[in-house]
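Take a look at the structures below.
In the two assemblies presented below, subunit A is common to both, partnered first by subunit B and then by subunit C.
And then the complex of A and B:
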């Protein structure tokens, strides 16, 4: 029996290279950051152990809760904007329409650009005097083109730019998953008289459940750690309107040189990201690893 | 110089690509060799490099140079100091930046060496030396050009409106109304970055209360609550509320040259910025810079205690000697013999900078941009005080808070009182 099991399931050795890399670049840094969160260190000399001082400073920090709120708004906003768009585009691009291949290629273009390049291009496009914002702003009800400099508009603008960048990736996931759905299901539905909308809700959507979960976990955990786009687009501004926790962490660490406090925020991000992904996976039943298909 | 971060970064990358920047890693250090760390900057790097070449030719000691781009340097030097790979001579920003290193006992005072060679100290403008003087000891010598903050203006726009550069703040406010009525944004402000807004707070407080007020803040955060500080911040907020900067200033970015272009295209009439803006305009908008670019000092404020000639900005950047260096004597020797030497000053002028030395005036004459550079030198050499930008004078963690609060102040999100209450809490 054991020999059969050994054949079917590779031993721990198979996982060793990945585990080693994960330990070296995942676990060790986390341990070091936990240690640093108990120290006072500005990068000069050796860190001084201060125990829980940084953690109690968190309670007095008037900027942390707003930053956490902004992070949550960004995360929820990102999910609400990107998921329906990516889902519809993905399902559509899995079909056989005319020009589908050409249009799909165009949709996927943003995926090829680097985050920094996208952010910098949008900074120029959204320049209120010399960018597109100056001419297009009036059609969007913003005649002075003040998108990134307005406290109310900055966060939605960031969410829009992030969507422009990441929708193609999730579209790709949905396209691939849709192509895996057996065509017999649609043929049977057609025989029963179901229209396209009915087919979408009764077949496509349930069949994509696992993809929705996977894409959502990536989106949610990803947006908790969004950093470079926000840094380059608004640097947390105007004021603190788009200050997210990772940016706050960067500024505490590398602008204010308060490594101890920055480490506290880093540890919190690890905890939040982990909890978030566990919750999403549990809540959706994804952890049972069950198949959607009868008999498979 | 920090304000030229993007410029430096871009040129830095370009230089790195050509691999001709003369940068050699710390691993190349030979024992007994003075290792110098500096910024990678299209103007500055050749000047420092030439000084090293000269030094190696003349003296018994040898020196070598490593250069880094701005932001990377800030992080690298913070971690390297105190390690075996630390440089012997290092570039810094003076003020709060240098104080961190001094507090960690990592900088050598230069006073003994300067006492032996008094002409070196004597060569520099005292107001500029002061920024690297902490607790009465000289911890650094100026090694870049001096960069005060002044008003730039568009002569064409002024002529069209029948306006003159203002002498007093009342004149200035009248100009703001005049330009608004002409549908020109009175002042370009790249307010997506807090340091551009800081310049107004610095000048208002200096003109109202004099430079002593900020000196007091540096010693004791409670001094933020001084009524003059509140008044200065109120004036910032009033100016923004009045529409002097237009409605969308918080979207405008300095690094992509947006604000400078506003001035050059006549969409804005004035622009308060460091003198590094002049070479930037020469590069980006050469026609405008040659014909229509004017400049004037920040106006005086009636009833204020500060003298109208006072300046704020970047007095200079500095070279300091690592206090734990094994080659400390050689490092001090390099520093003392380099930055005030004729060769170094001539190279600085050739790079377009205005050196912070007393003899600069005669050397600037007849060189390119002599009018602008001569005016800047005159302002700096006659200034009763030259205060360092606050965000560089104070500790980095407080500076971060300061810039965030300033953005909120200009956006009318917090009152001046809430601002000073918050700053007074931080120590």
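And then the complex of A and C:
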């Protein structure tokens, strides 16, 4: 490439503002949070270096392991509930009939509500005295209608509310992906006499492989780091039944003002998030920027 | 690309469905059962929100949550607006609009350089944004709090806008680069031969051709800012800087037993997005799916 031609290409100066801006809020903080995890800091004064004290405190923290366990349960539960539902709904709503359009519209309406709004609506709906739970609870084997205030039911209820909020988004991904499956595949299958169920397992499911991976890992990263819904629905309770790691971090940092220890938990979240997201990038082929269906 | 599929004109899919497609999905029984089941689960809370927001508090307590409103009232809405929801609404609109402007203004030139540029630095910038997908905002909220306080921006809308925009950038760059990669090289080359500089190419070629992708990214980052809870929670404090999600939460803790009032506030907080949805359903949905449809 000659120097004249190189001059006609946009240089780094075009990307620099975005890169520097993102570095300031996305990359520098990772370095800073690692530094802060070695300090004692109440959020106002100057952080004091204390070495590995916060990290050894992690071992003595009786709340950490239960919170980690709850986070894992929440993550696995979220995946198990949302993936099959979103997959079936997505494939189904990729169809073309008129009534599907109406139903699909209703399915997607939760996307218009914010996390805060959804959490507050379910707090009202699940109120054991005035909510729907009071009258309908008995049909679900919960006569007292107490879903969020019972330590055994709180976590499944949170998983349900998260599904209500996020299934529409994942359905959308599966719908878009299903519509891109080449029709020729189904034509060929029909000639071979494959029925709908067979077509679903032999064509649709394998063709959606990448979407399943992308959607799954988004769910996993999301439920490892996500805490707004838990904060608004149960605030970690009853007791510590729904206390997840990011919520513990928030409480240690911004309620108890122990920023040093909260930074330890934050570093752990960065590590977990990074590992899961590398899987996203690798598995979905974003780093190659090509489509695996090219040429079909 | 999902964008092109979803942004087709509505009439094309609604009025003339390809007959083969119809047959292809018709008899999917398990999916149909799941769909009807999920329809109920989604519809009941939505019905609850709308119906309760136009009922009186007394009727709600007396008749239970799902009864039809016997006396229709807009009192709850008036009440919520009196309690400062107008301010929260305005703050949210400002924060979302500014986030979109900053995100698009930074991401489009960067994506142009990433697709067309050839220097090692440009490739490194792209890798930085790929890495950025891996960074959960929750995990770096403490250092962001430190940076914002040191910049003397704590408790301002700017404190919300800057990190929100920064965290929309990785996705924005990914979607825009994949859109710009679809622009044929010949177009750039033809204009370059005519003596056009990168700036002219950007204005005359990149900007117009990336408009659908820009709309998707704009919607995505705007919704993100609109729904944002963590940054406002940690980076603002006073009532005058409060955005809608925090306003809702605050309303609940202050007037928790006024369920009709709270749900009127929920409806108000969703109205702008609902308007956007009615205005451009396909664009909104493709905006949400942008980058993941593959």
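The definition used in the following text is that the second predicted complex is superposed on the first by the 254 of 296 C-alpha atoms of A that agree within 3 Å, B and C clash if a C-alpha of one lies under 4 Å from a C-alpha of the other, contacts with A are read in each partner's own complex, and residues count from 1 in each chain.
Just so we're on the same page, contacts are C-beta pairs under 8 Å (C-beta built on N, C-alpha and C of every residue); 3 or more make two chains touch, one makes a residue touch a chain.
All figures in this text were calculated on a predicted structure; none of them were measured in a lab.
Engineer: By the touch definition at the top of the document, which applies to A:221: first (subunit B), second (subunit C), both, or neither?
Structural biologist: A:221 sits against subunit C, while subunit B stays out of touch.
Engineer: Touch test for A:76: subunit B only (first), subunit C only (second), both, or neither?
Structural biologist: neither
Engineer: After the superposition on A, what does A:124 contact: first (subunit B), second (subunit C), both or neither?
Structural biologist: both
Engineer: Considering only the touch criterion stated at the top, classify A:188 as touching first (subunit B), second (subunit C), both, or neither.
Structural biologist: After superposition on chain A, A:188 lies in contact with neither partner.
Engineer: Taking the superposition as given, does A:43 touch the first partner, subunit B, the second, subunit C, both, or neither?
Structural biologist: In the superposition, A:43 touches subunit B and subunit C alike.
Engineer: Looking at subunit A, does subunit C or subunit B touch more of its residues?
Structural biologist: Between subunit B and subunit C, C touches the greater number of residues in subunit A.
Engineer: Could you tell me if A:148 is touching subunit B, subunit C, both of them or neither one (first, second, both, neither)?
Structural biologist: A:148 contacts subunit B only, not subunit C.
Engineer: Look at A:255 in the shared chain and tell me whether it touches subunit B only, subunit C only, both, or neither; answer first, second, both or neither.
Structural biologist: After superposing on A, A:255 lies in contact with subunit B but is clear of subunit C.
Engineer: Report for A:27: first if it touches subunit B alone, second if subunit C alone, otherwise both or neither.
Structural biologist: second
Engineer: Name the contact category of A:14: first (subunit B only), second (subunit C only), both, or neither.
Structural biologist: Second partner only, subunit C.
Engineer: For subunit A, which residues lie in the overlap of the subunit B contacts and the subunit C contacts?
Structural biologist: 43, 123-124, 127, 130, 254
Engineer: State the interface residues of subunit C toward subunit A in the complex, per the touch definition above.
Structural biologist: Within the complex, subunit C contacts subunit A at residues 2, 5-6, 13-14, 17-18, 20-22, 24-32, 34-35, 38-39, 41-46, 48-49, 52, 60-61, 64-66, 106-107, 109-110, 112-114, 116-119, 121-122, 125-126, 128-147, 162-163, 165-167, 169-170, 173-174, 177-178, 181, 192, 197-198, 201-202, 226-227, 229-230, 234, 244-246, 248-249, 252, 259, 262-263, 266, 269-270, 273-274, 277, 281, 285-286, 288-289, 292-294.
Engineer: Under the definition above, what is the set of subunit A residues touching subunit C in their complex?
Structural biologist: Touch residues, subunit A against subunit C: 1, 6, 8-19, 21-30, 32-33, 36, 43, 84-85, 88-89, 91-98, 101, 103, 105-117, 120-125, 127, 130-132, 135, 164, 167-169, 172-173, 175-177, 179-180, 183, 186-187, 195-197, 199-200, 210-211, 214-215, 218, 221, 224-228, 232, 246, 249-250, 253-254, 259, 262-263, 266-267, 269-270, 273-274, 276-278, 280-281, 284-287, 289, 291.
Engineer: Spell out the residues on subunit B that touch subunit A in their complex, using ranges where they run on.
Structural biologist: Within the complex, subunit B contacts subunit A at residues 74-75, 78-79, 81-82, 100-101, 104, 106, 191-194, 246-253, 256, 258, 261-262, 267, 396-397, 399-400, 404, 407-408, 411, 413, 422.
Engineer: Where on subunit A does subunit B make contact in their complex?
Structural biologist: 42-45, 62-63, 123-124, 126-130, 133, 144-151, 234-240, 251-252, 254-258
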